[in-house]
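These notes are about the structure you will find just below.
A, B, C and D are the chain letters, set down in written order, and residue numbers restart from 1 in every chain.
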Amino acid sequence: MSFNTFGRLFRFTTWGESHGPALGATIDGVPPLLDLCEADIQIFLDERRPGQSKYTTQRREPDTVKILSGIFEGKTTGTPIQLMIENVDQRSKDYGNIAETYRPGHADFTYNAKYGIRDYRGGGRSSARETAARVAAGAVARKIIGDTIKISAGMVQMGNLHVNRDRMDWAEVRKNPLFCPDAIAADEWALELDAIRKSGSSIGAVIEVIATGVPAGWGAPVYGKLDADLAAALMSINAAKGVEIGAGMGAAALTGEENADEMRPGADGKPEFLSNNAGGILGGISSGQPIVARFAVKPTSSILTPRKSITADGEAIDVSTKGRHDPCVGIRAVPIAEAMMACVLADHMMLHRAQCG
Amino acid sequence: MSFNTFGRLFRFTTWGESHGPALGATIDGVPPLLDLCEADIQIFLDERRPGQSKYTTQRREPDTVKILSGIFEGKTTGTPIQLMIENVDQRSKDYGNIAETYRPGHADFTYNAKYGIRDYRGGGRSSARETAARVAAGAVARKIIGDTIKISAGMVQMGNLHVNRDRMDWAEVRKNPLFCPDAIAADEWALELDAIRKSGSSIGAVIEVIATGVPAGWGAPVYGKLDADLAAALMSINAAKGVEIGAGMGAAALTGEENADEMRPGADGKPEFLSNNAGGILGGISSGQPIVARFAVKPTSSILTPRKSITADGEAIDVSTKGRHDPCVGIRAVPIAEAMMACVLADHMMLHRAQCG
Amino acid sequence: MSFNTFGRLFRFTTWGESHGPALGATIDGVPPLLDLCEADIQIFLDERRPGQSKYTTQRREPDTVKILSGIFEGKTTGTPIQLMIENVDQRSKDYGNIAETYRPGHADFTYNAKYGIRDYRGGGRSSARETAARVAAGAVARKIIGDTIKISAGMVQMGNLHVNRDRMDWAEVRKNPLFCPDAIAADEWALELDAIRKSGSSIGAVIEVIATGVPAGWGAPVYGKLDADLAAALMSINAAKGVEIGAGMGAAALTGEENADEMRPGADGKPEFLSNNAGGILGGISSGQPIVARFAVKPTSSILTPRKSITADGEAIDVSTKGRHDPCVGIRAVPIAEAMMACVLADHMMLHRAQCG
Amino acid sequence: MSFNTFGRLFRFTTWGESHGPALGATIDGVPPLLDLCEADIQIFLDERRPGQSKYTTQRREPDTVKILSGIFEGKTTGTPIQLMIENVDQRSKDYGNIAETYRPGHADFTYNAKYGIRDYRGGGRSSARETAARVAAGAVARKIIGDTIKISAGMVQMGNLHVNRDRMDWAEVRKNPLFCPDAIAADEWALELDAIRKSGSSIGAVIEVIATGVPAGWGAPVYGKLDADLAAALMSINAAKGVEIGAGMGAAALTGEENADEMRPGADGKPEFLSNNAGGILGGISSGQPIVARFAVKPTSSILTPRKSITADGEAIDVSTKGRHDPCVGIRAVPIAEAMMACVLADHMMLHRAQCG
């Protein structure tokens, strides 16, 4: 987790700017002999791809991935895998006005403060386009962890609207454009989001991501904890402002009696847990229960209503964004969340195998 | 952030078990010529030390730190600093019953699942005693970042009780045994916590930690983000289940208009922000505003009320813990939070200096 | 230095196979605001490029580099720089016979032993084509360390023939096709190498690389030593079998009196060293003297004379290589050596700045 | 291999100065359930311990190791192992004269140039006492790689005297005080070294270290090569100036015909190599042949004959060292070499298991 590199053994470095010629992920440490072709990756990129509904930015990017290295005759060779996605729909002219203006809530000011320079076109490196590279890396990670582990994510809160947990069904997520696991909520939220979109505003969201089938024993004390890595992974996603594991922030309100997940002997000698406030992680190590994480994303800062800001020269200015933007970035965060979960698990699977055989 | 090592350039590895002969931190990468003596570290250890009020475990540990290397004539030399804290009050007999029993909510089961062995005495490596080493490392980190940066933390929620933000004053934190920045809340909570303690129960909490004086420009896209590192740092603290930056999970409920921190030209050419929903971090890079983070800790799982569990042999058993425990671990998490904030900032200060001069 | 990644702060990951669509380097950690364009890199790639004399393989590769990210308006932005070189002259058919045969002295057998699969086309990942990516990374590293530091390399031994140190002149290196700093030796060696080439044989070599202008103080005890990193960097070059710093292996034959580089007060307050057996590094830290390193490369294993070997199925076979190969890989190792020196120095410059300001 | 940390998965950080209270190694990543007690480590420390013959420094250090963490009931637990060796025979007064004087060939000047401060007592961090911590770490590494892998080292050259390879027997190493695998040479060298010692001079040496039983497949392209890591490991040893793998620097003088290690089908399906110029490593990956490395150490710079030098204030001075020193540091480098080989192999065993299962 250093600069633009994620992971220790399953490690990928993403590169590329929103309006440069291409972006991608350089993935190192992948085990050999895994079946991997471009279609295995494209399927996940297609889910994240913008412009698929009126609720996501209308930038038209095919996001076609090319594998440039590391695969031979359809299998991984153990050498670095280079995944490249060429940028097609760049329309730099749409963004020219941000060259000299710091958009509130964006990274324009901080990039300039750090580097003294920034590729302002479409947000450059800070654009959510970077997440396409994560999704590509996640597709490779899934090959490593295998089919036994199932990863699901969905939007469980939009603004002040919450899913009804009694109605939640992960199979619903891909059936509605809001990637919501509650079909009825999805319909209600769609109306709300339509209004937000038309008014040029935006709204925040919470995404939940779970992984089932993770064996007990992955993770490591005390700074390589599975939950610490998940927290970093999810917080690194654009717009993320909070991360929860299991009971999350709500754990603060619980008593010891309420919180402790009781155990009973299970059928297979493993413990059967009677609840999962821990979110599947105890002491930084997986317990065999589903890994449950959530993260909040702030509303897109690119809105129609003018906001007070300053120029790069320090002059006062009002900023209003008319470009193509997501009214709720939580939607497209769903496949990204799944990808990051897969990447964390792949890394920890390998770390565990290294140390414990 | 690998196994038991935290940080990239300012890097420390903590070692030691709750009931072993000693524990400590091996710190590498410290700049030379900083004034550092044991008293500089001891002052922070004394704050974290148990047994100082009836609200923390009555285990009596002097937590006296010894500097074994890296200091010469009162100054850092740039070589590794070894900080050792000997364990004194071990009372192993108090914990003997946990050798064969998995305590619900503890890491007993997962350590065994991972390693096939665990030092069960007092929780071994998973004990909160490890945090003494973090606090020691944090004292060194503060020397690196200097006095311009002020770090404050306090308990802002205990169970369902919240501080009144209008009354918050960080100077109050060290004046009450609950490390609460709201003096009136502290009194109220003390009564509540007394009752919880006497009933042998426990309660969760939220700790807020802020750093002022951090210049704009620290942090890095996209996996070395300042907020991603903070999230990992805080989530790695024992019992942490959620981490927030700025508006945190609450950002989900905001509209773009509400969330965007507007800017106006400041007196010194830097922007003046009109709000701080970002918690001082935009695009993973500090904005010059105060860095604001919060994390929730779950209630101690060691409670008097029997909980269903299993033995290492897979038999059903009920577990009740009579030992010396904190009714609210949030209290002692306060100096730990400050330490981790200092460590993250020290690392990023050096990373920024390396890349940007 | 992990898997396919080199460096800590100035870090690059090379990717790509000899006969895949492309290869390249993903470079992270580069300081912002450095002038950098493709021509700055191409000039070094052109030096390494094969087919420029009869002494290097006749594979015709233009080795044209494309910058895909990290540069904006001619300057580095501090974000990852992706350098891509497309493979053009692949002629896979030339190498088809190595699919089932382990060539003696090549990595065919060990790649298969490790991964159970290998991209055998042209040596795949183990091909010296990977060094094009190093040379590209080295060009970026040079921008970081600046013009004050001068790096020179040359072939100082070919087979049993040595340069005459009295005649050595680094300016000669680019004037002869053997990259030899001794013009007279270059002529003599050319005749010898011609004979070797025509006989289908090959010969080993020693390359010396020096860097002047490196300030005292770069490097770090005790595993991040400048010489330890140089040793790893040079030993990682294809065919390298030995690495020396200063007096090198010859230091074994010296007495303490002979070896100790005496010092006298210099004009500028810095010490003036009366000799440089240390090769500019003491205790892992640069002394301000020229950094002097050498490494030996073995002769190309691809020779016309049949050698005993086995097939992937374990059958005995005799192998003779008729393809396009370098009779002395030491020649093309010269720009690679310079590149690796630059990369090590760039990394240590940034590490030093991080710790010591 | 960062600052004072060695390794990626099997990682240790050494700490401590020559004349501080203690030194040691913090070892992380050790697999659980390995039998390990202090005696397992002490046996190797005793071999390295000074003062055991007239050929090593007469400083009397018991070098008694204490395990402070990571072991429970005689077995590793997978958590960090802290090994501490207290310094006993410090005699700081012997070294007081070096506070203001830069000894030629020592790191006095470079430490000061880097850090602006140094613990000059006995060389501080740059003292060869640090290698006690390596030897301790190596003892743990041997537990990881197991008994199948045999590591042997010995002094094969002292000054201009070479062992007779026909007489070499690794079993001889521990039978003579020069740790030489050639008994007859050992006797001859002893006379020579006696004269050197009495004259207050010193002499360089070459140490060879081999590991048999390493399976084919350990190591990784292209910067995590087994030989690149060995080169860094051996070059990081105090006084090392050159490192060779297999034919080493001599590979430069070979033709392709001479160098290529021919293969024939072996009894067990593995190849039988007819020579080992590769030193057991091809393309950075072990071939199953013995791993063979050598490194040269320079003569101790602490000699009786006055050498020209300067003071910290830049004044000319002549330096003569009367203290307790090794006339040939190559002797005590032998157990260190074995330890570093073990550490590299342990790390690569775990890396290989992580990636390739």
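The rule is simple: a residue touches a chain if its C-beta (ideal position, glycine included) is under 8 Å from a C-beta of that chain, and two chains touch if they have at least 3 such contacts.
Just so you know, these numbers come straight off a predicted model, no measurement behind them.
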item	value
Chain located farthest away, centre of chain A as origin (C-alpha)	D
Between C-D and B-D, the pair joined by more C-beta contacts	C-D
Geometric centre distance via CA averages, chain D-chain C, whole Å	26
Chain centre separation (chain B, chain C; CA means) in Å	46
Chain centre separation (chain B, chain D; CA means) in Å	39
Where chain D touches two or more other chains, by residue	2-5, 14, 29, 32, 78-79, 114-116, 125, 221, 356
Residues of chain A defined as touching chain C within the complex	2-5, 11, 13-17, 20-24, 26, 28-29, 32-33, 66, 68-70, 72, 75, 77-82, 84, 114-119, 124-125
Sites on chain C touched by chain D in the complex	1-6, 8, 14, 102, 104-107, 109-111, 113-116, 125-126, 130, 157-160, 196, 201-206, 216-225, 227-236, 240-265, 269, 271, 274, 277-279, 281-288, 294, 296-303, 305, 307-310, 314-316, 330, 352, 356
List of chain A residues in touch with chain D within their complex	9, 29-32, 78-79, 221, 350-351, 353-357
